[in-house]
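In what follows, structures are represented as structure tokens.
One chain, chain A, appears in both complexes that follow, with chain B as partner in the first and chain C in the second.
Showing the complex of A and B:
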């Protein structure tokens, strides 16, 4: 029987590569990418399947031979899968210059993980007008390189069509997210993470189909979730449901997030007007709210903070949360630097915050449980 | 008269407290060992024996601590943070900040007038901020944990620890032993390192007086002295600092019990 909606998402979450491998056997090329920054529209427009590279919570057994253990545990987990051959079905990879750990791992990946194609995408760390111009030119280089590898000419028409499909994808993910607004929410945080990951593992047209089925299914739910304290989760690459499930098992509902495998990936659309490469540059460099990008704020300190973190406060208010959990992966300097300011900012807005730091593998889950429970007891 | 109990299954010791009419009746403390389920049972039995009661005489039991789930005879589990706040509030109603030095981790808990935690921070997984660090160093120096505090007060030149890590701290202590540094100076150095860790944790949630210190770490007079020195505040110490969370659990048991005290 063909799986549909949430069941299909769950199945893809458990075996992410199943559909991509199948398509590859039918002659399709699969293009891997890591992080939020490579524009998937260019991959789709070249007739290839975009496939998000992630890690897993399984113990890191081989990557430690190539990367020091004090590097980002998420990147180590990704590399571990790479050197174990789990990404051998991926034809090529686009690697963005985003944070230090991802940036430096490119060479190691290229040396030890065999693909037919590698592209290193320069993403400026600034967001000034010249940065956008620079990034758009870089995307043009990526476009030409993808054309050469795929043998498909990425015309403006094809690219505009791909932008339309990915905008639809994001709109559907947002629609599903809004079903977390009621109390109790219609879809749990753990289910949402499964759906987002599933959508990152199959062609965009198929993902959109799955999302439409999921939305219809979730809207029909009668015996959904229990009421509980409503939480926001802030962090980076949470690509496993274990942590979100832990909070939900403690009786809370995670109703909104600011995560890479979450709203950071789908909250903002690409403009359908004008030069498509410029639109992509504007969206990917300007609208992904990751602390790896420096945002120049000419005003007061308060304006600077509003500019950088106002959207998190807005999320918290719009989704009516009672508390926020900052989940920072250990050695993630990029997020660690911002965490104290995010914490103060949200607390000043009247949102209680619990700041947790972990090595991504969730080995000390018992200790976390106590802290989350204590936080919930405090909020009650 | 109705009796209520709290049991705190900690990573190093297990504590049971029995209260009647909101007053501390008896308590018992024993090492948790490697079988928390057994420890929880035995400590509860010992406490009951001291009180001349049977398990059935207890109207309600709340379990807390790292191994709370092992106390399967308890009706409810509450986190050690909430229990500690409640326990301190009974002992010192004026306290607004608690420094809890446990075996596995240290915690700073802000408490309101009602005995509820309003904010908290827990030292990260690293053992350097916890009582475990003292155990490690005591083992290196081959002295009993009870002697650490009094001996450290004799220090003339406390050593400076350059690391915040318990594992490196151990090898650092061994290097000092090799150099012939007196034990008391090594211990005072460890206390200073712990005091610095605690002070950093406090920065995160803020210090509001009055301030109490609880947990097994509060049995160490040397540590208390160094923390007071570092923070510049006087610390209130309960007569039995280890049982604070268990006492809080027992008081919560009394509050939450469906059977109201007679």
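Showing the complex of A and C:
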């Protein structure tokens, strides 16, 4: 039986590569990318399937022979899968310079994980007009290189069409997110993560179809979730439901997130007007709220903080949360540096915060149970 | 006072100095902090950004908190700063330079006074902060975090290194050069605004050219020393002598220093004056910053007949000849950085490495092992620095693909002594030297 909506998402979550492999067997090329920054629109426009590289919470068994343990466990987990051959179905990879951990792993990936195509995308850390110009030029070089690899000319029409499809995709993900607003929410945080990951594993048209089904299904739900404390989770690459599930098993509802496998990926659209490459540069460099991008202070300290973190407070207010959990993956420097300020900022806005730092493994996550319970008790 | 109280520790902490040049560095550093406090000139806190020339030209005294953190570690007074930063929420895996700098600012803000135990009189109050994304993420994020404690305007800028694969394409070259130039212009405008005066471009030109000469001498001196058998300039000295190049470049004193260093090394090389009576094993410090808290460990190794003849970490980039047609000093600066980056990227590419160099060449250790007749390589995993740690295993693997040179990993941190276990290090070094001895015998 063909699975639909949430069931389809769940099955993809459990075996993310199934559809991509199938399509590949039918002659499609699968283009891997890591992190939020490579514009998937360019991949779609070249006729290939964008496929987000992620890790796993299972113990890392092989990557330690290639990467130091004193670095981002998420990147290590990705490489672990890579060297085990679990990404062999991926034809090529786009690797952005987003943070030190990712940047420095590019050569290692290239050396030990076999694909037919590799592209390194420099992403500026600043967000000045010159940075956008630089990035747009980098996207132009990427576009050329994807054309060569795919044999498909990425015309403005094709690109504009792909932008439209991906905007739809983001709009649908936002629509689903808004179904977390009621109390109790209509969809759990763990389910949402499954859906987002599933959508990152199949062609955008199919993902949009899946999302429409999911939205319809969720709207109809009668056996909704239980009421519970409403939480926001802030962090980076949570690509497994274990952590969110832990909080939900403790009786809370994660109703909004600021995560890479979450709103950071879909909250902002690409402008449909003007030069598409410029629009992509503006959206990816300017609108993804990740601490790896430096935003010049607009003036006072308070303005600077509002500019950097105001959107998190707005999320918290809009989704009516009672507390926020900062889940920081150890060795992720850009988040490590921001976390204490995010904590102060949210607390000042009256939102209690639990700041956790973690090695991102199943065992370590389990160890947080007592702290999360204590935090929830405090919120009651 | 401090020295009287803890004689063994102080003795153990620092390494002996082999060259007159290395002996001069401590004075230069002390003066750098002192003048910032005593002279009536604006002070900027700056990350090493490859553009000290601009500060010299604007008559600003730069203070480098990363250097200051290293100083605190060598004096073993970093702990209270680190503790304070951690108490304020900064993880113990964030760069220990940053933790020292942030803890320093926090304590300063609390009391309104420079913390009394701060060495060399402390870091003077800045009127601006300048960070960049060069080399690592900490370099702009840490300075952004300063705003929690210091109400001082901050400018951060990008200077991406050339991408190895496409660096030669004219359009890519233009893309990078143009961006780097615009970003530096941004810095100049920021400084002009803060200082209420314009850049003196003629003066900058003179300073940039002086810096070019200094870079060249630095590079030639280091390479000459690495090649020499016996080696007159071990790694612990070169870990001192990069300081003027990083933090004083453009000043006449830095040029004089590198002229002196060059002359001294040349004299010793010409006269075959080495450091140890016998260099039984020549080692390369191939990755990771040194343990500033315990530089005396180098002597431990030397006492066993091994000498670190080179370190490939604080490395002069191979200087480029800048064409005369480029007369604008900022353009000269950008051109030289890009060209230096290309040389490193080219080398990496020959080794089959393809990433952007971001000015940290993955291929560094491989560059030197043959030419400098090295018997073994030591690399240091730093708990709190991704910039200089990620890639070491890969480098070891690359070395293994080309030779069977032994590689030793030691682990601690550049400043945070809590990550350092001396007995463990000594045991590892002893075992490593035994391996080298066995190999030597087998080869003999």
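Please note the rule applied: the second predicted complex is superposed on the first by the 377 of 380 C-alpha atoms of A that agree within 3 Å, B and C clash if a C-alpha of one lies under 4 Å from a C-alpha of the other, contacts with A are read in each partner's own complex, and residues count from 1 in each chain.
Just so we're on the same page, a residue touches a chain if its C-beta (ideal position, glycine included) is under 8 Å from a C-beta of that chain, and two chains touch if they have at least 3 such contacts.
As the structure is a computational prediction, the values presented were derived from the model and not from experiment.
Of the two partner chains placed by the overlay, only chain C lies in contact with A:130; chain B stays clear of it.
Look at A:294: by the touch rule set out above, it reaches chain C but stays clear of chain B.
Judged by the touch definition given at the top, the superposed model places A:357 against both chain B and chain C. Once the two structures are superposed, chain B and chain C can be ranked by residues of chain A touched, with C on top.
When the shared chain is aligned, chain C comes close enough to touch A:111, but chain B does not.
In the superposition on chain A, A:227 contacts neither chain B nor chain C. Shared-chain residue A:61: touches no atom of chain B or chain C.
With both structures placed on the common chain, the touch criterion links A:336 to chain C but leaves chain B unconnected.
In the overlay built on the shared chain, the residue A:367 is in contact with chain B alone; chain C does not reach it.
On chain A, the patch touched by chain B and the patch touched by chain C overlap at residues 355, 357. Across the complex, chain A is touched by residues 88-91, 93-95, 98, 133, 136-138, 140-142, 144-145, 147-148, 151, 153-154, 156-158, 160, 163, 165-166, 171-172, 175-176, 178-179, 182-183, 186, 352-356, 358, 362, 381-383, 386-387, 389-394, 397, 411 of chain C. Interface residues of chain A, counted against chain C in their complex, comprise 65-68, 70-72, 97, 99-101, 103-108, 110-111, 118, 120, 122, 124-126, 128, 130-131, 133-134, 137-138, 141, 291-292, 294, 296-297, 301, 304, 328, 330-331, 333-334, 336-341, 343-344, 355, 357.
Chain A meets chain B in the complex at residues 352, 355, 357, 364, 366-367, 370-371, 373-374, 377-378. The part of chain B that touches chain A in the complex is made up of residues 66, 78-82, 104-105, 116-122, 124-125.
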